[in-house]
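Structures follow.
Shared chain: subunit A. Partners: subunit B in the first complex, subunit C in the second.
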Partner chain A sequence: MSASAARSAQGLGDHRKGLAAGRLLRDLKILLPFAVLVAVWWAIYLSVDFSPQVLVSPLAVWHAFAHLVSHGVMAEYANTSLRMIGLAALLSLLVGVPMGFAVGINRYAAHALEGFLRFLQGISGIAWLPLAIIWFGFTHTTTLVIVIYTLIVPIVFNTMIGVRAIPEAYTLALRSLGASRLRLVKDVYLPGALPSIVVGLRLGMGYGWRALIAAEMLVRKGGLGDLIFGARTFGQIDRIITGMIVIGCLYVVVDRLIIQPIENLTIARWGVLRQ
Partner chain B sequence: MSMAKTSNRSSARRALDQVAWRLLPLVPFALVLAAWIAYWTIMRPPPATLPAVPDVVAVLWELAAKGELATHVAASLWRLLLGVLLGATSGVILGFIVGLNRSVSEFISPLVVFFNAISGIVWLPLVIGWLGIGTALAVFLIWNTVFFIVFQNTVLGVQLVPQIYEQGVQALGGGRWETIRSVILPGALPYILTGLRSGLGFGWRALIAAELVGATTGLGQMIFGATEYHRSDIIIGGCLIIGVIAIAMDRWLLLPIEQRTIERWGLVFDARKEE
Partner chain C sequence: MAERDTPSEAKIVVSAFRHFFETADGPVQATDHVDLTIRAGEFVTLVGPSGCGKTTLLKALAGFIRPSEGNILYEGRPVRGPGRERGVVFQELAILPWRTVRRNIGHGLEIARVPRAERERTVARLIELTGLTGFEERYPHELSGGMRQRVAVARTWAANPDVILMDEPFAAVDAMTRLTLQEELVRLCAATAKTVFFITHSVDEAVFLGDRVLVMTRRPGRIKAVINVPGRAAGRDWESFKVDAAMQAIAEQVLRLVRQERGAAATPTAAALAAGTRA
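Take a look at the complex of A and B:
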């Protein structure tokens, strides 16, 4: 705090330079552990004579990555996965949040559904995959159904919990002033439950992204799961590792750059800090 | 408010209300069952698409009588136990080492974020080549999933123990080991258990997904093998078993442990008081 204040006193140019240097340092700090990891990997690779079916060098992975990117293959596979998770998240929010409100507002409905939702959460989406394959075949519909199922349960559940946790006094206050149901949803339930909804979305995305990859492995109709599982059949370790890195990076980007900022924002603005 | 209401009622009425309140969670299950039976009686779908309710019960009974069900359940639970034990032990030990060492924890935290993003099923195509199909593969995937969740929570728990307690023990002449044992371990325990609880949820999912392709026994294999013969009765029966086991583990194993530690050492938060 005082350091930045001192810096700003030195003039705007210096301040900008200082910020840029700070950011560079932070980026280096994030990248350094990965550099060490790659070095260790390379050292292990060089010291033991691995067959290319077991482990390949980081350089080979880089070549595979460059190849997949330059031929547009990576973009296509990643696009399929991202579109699927995006669509599933959107649909789950559109359906799950109103459902959570409807259930959460009523004390009896909430009590009745809690156990059922827990039970559904216990049966992971991927366990329904065999049935979905019988119903919808090896299609994108199967994958979408599985991912939506995985995402929607935590969203409904957490929305419900969020609504239940809103003190009744707020609802009563607005009602006594003659607010309509819609007004209650807009001014009490939505802001009050938002932190909880985002928690549900984040958890759902964690489950959903894995369910998506697993479903793609078995449905084999494109997507990053298909990419890495297909590469398995041909023993292309370089492609598998490339795919894993892309899957990890995409998830980190979605989680850290989209969901976490929303979570921080909602908690800072409306929520009580959890714990 | 509810106090005043209930005191007016006769005790018989109150007892009846209590029974109804207890039975309420069964309503959604009954509704789904009724819808299933109704759909089946009216539409008569082919049994490969949707089996009749008695068929599912019969097939579960048959599998149980042949001992097949017990074999699959035992295989799955054994893998889960091994994976969770390994994941929890390594997660807690490394979590303490890293949590007590700020520079180490800053260094590896980007790695943890990345590897957490690809924990579990994403490793399947690579590790199948290393470990082959079977228990070792499933145990690796569960370890991988549970480790990162327990590890992150342990680090967080260790770092969040207020320094004043540590200093208190040290001022009274407690050594490093004494501080860890009597301050940091109990302080971090609620976080560790929360991590374990959510790790088990993710681990169970990872296991089912892994067994779909990477095993010859286990519940996941049981339902995926049934796809080939369009035995939707086995699939639905298997899904129900998966859900029941998940609920049972959470309710009777983890929830009581977690609540006891939180009540004893952590933030006291009793959700039941709200009702």
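Take a look at the complex of A and C:
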């Protein structure tokens, strides 16, 4: 970045070249830690004589990945996980956003529930697994309940924060223009809280994804958690590591390609950064 | 009062208004006994020191708060809440940042379910009247402070309320822009014949804009003087206002009344005097 800044004095053409070089440098920087991790892993693998029951080489993992993909196994497990997180996100928004409004609009309710929501945030979804399994058995319902619980708390909380951060003048002005309660929700609370709702969704997806994998490991009804936990039974280190990498990659893809663009859109439109 | 020889009907009547706020340390009295009548077509300005209860009075007229004592009548009926017939322009930015200029200005008409064609006509007229032509599709964060307040004023006017309540709408814009906005407001009022109640702590602004200037005491506020300002119908601009001896005499009179309320805190230097009219 400083290199491109230094070059900017040399004219627009050089400046553009500098910017392009800077962008390339930035992209490389993102990949660098991954490269280091693989290199360290490989070096350790080569320097110690590991049994394949303990650690395998990155190459072996690559082969396992290629195998799982070409046989359609990976697609099936990943599909189960992605559908589950998608369904949970949808249901959490449908229930969580109205709840956040109801709490946020009422100052007393917001005050009363703030501590309670923080308390719930402390009890992770995974901590609910024993109860959920007793109530719903080893089913997709258990997984869904755990993921929704994990997702919905940050959505309710951030929706509430977003509603409360809306300047009172917005609603007063609209009321003096004759707006109904419903109109206030539609024209003020929903758009006003949207950036905050997206933040809540983004946080929730992070927590929810982790809870999902954990739940899948115990419930064992498909999904990437099931894949890596099942591989443990047979000591398939290559499958376990493959599954872990896919779990990380899918999260990054969902976060960067779906949620972050929504967030950027609301920020650009709402002008939050410039106010 | 020679200009006001046509008998006008009372739009808003405030009688024996007093208001208290509940705080952790017990009730605080915001205003003391206020009686006030605003007649149709009149431009009434209220000037007073900060914290004297001006905004409390305006919020009660708008219907946002219920008076602790006394009552407020709008066209003879008690005010029970906010209503479309009483538009409000706020000091802080109250237009919506996620709506374009055009959609902000048309918002009141949209709420009133005015047909699109008529809505577009009204909005276009107000965009022209408020000098916002060319900025219709911009978002508020792309506008200067003065332009945002123009949008807020246009939105209130577009909804065509009977009475417009303005709470220091130009306090947050720079001094030069403020002069322009004040002159534009004079023209807008002349073009639309609205009843306006305007709160300010600038003496010059109060005298420049008003038919009548009400001076409020410090908290708990009550109206201690009413000064008539002739000639609004003929139009006003700052250049002539500043050299008009009659106007300047009124402004000085109002300034004296306001400064009595500032108590010992005010330093009697020329600089403070000049700043005092605007601060």
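Note that the second predicted complex is superposed on the first by the 232 of 275 C-alpha atoms of A that agree within 3 Å, B and C clash if a C-alpha of one lies under 4 Å from a C-alpha of the other, contacts with A are read in each partner's own complex, and residues count from 1 in each chain.
We take it that contacts are C-beta pairs under 8 Å (C-beta built on N, C-alpha and C of every residue); 3 or more make two chains touch, one makes a residue touch a chain.
Everything numeric here is computed off the predicted structure, so don't read it as measured data.
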Of subunit B and subunit C, the chain that contacts the larger number of subunit A residues: B
Subunit B versus subunit C as contact partner of A:R210, first or second or both or neither: first
Subunit B versus subunit C as contact partner of A:L174, first or second or both or neither: second
Partner chain in contact with A:S124 - subunit B first, subunit C second, else both or neither: first
First (subunit B), second (subunit C), both or neither touched by A:I241: first
Which of subunit B and subunit C A:Y77 touches, first, second, both or neither: neither
Overlap of the subunit B and subunit C footprints on subunit A, listed as residue numbers: 275
Subunit A-touching residues of subunit B, taken from the complex the two chains share: 21, 24-25, 27-29, 48-49, 106-108, 110-111, 113-115, 117-118, 120-126, 128-130, 201-202, 204-206, 208-209, 212-213, 220, 223-224, 226-227, 230, 232, 235-236, 238-240, 242-247, 250, 267, 274
Residues of subunit A touching subunit C in the complex: 167, 169-170, 172-179, 183, 187-188, 191-192, 194, 269-271, 274-275
Residues on subunit C engaged by subunit A in the complex (per definition of touch): 62-64, 81-84, 86-88, 90, 92-98, 107-108, 111-112, 139-142, 152, 155-156, 159
Of all residues in subunit A, those that touch subunit B in their complex: 29-34, 37, 53-54, 108, 111-116, 118-124, 126-131, 133-135, 164, 206-207, 210-211, 213-214, 217-218, 228-229, 231-232, 235, 237, 240-241, 243-244, 247-249, 251-252, 255-256, 275
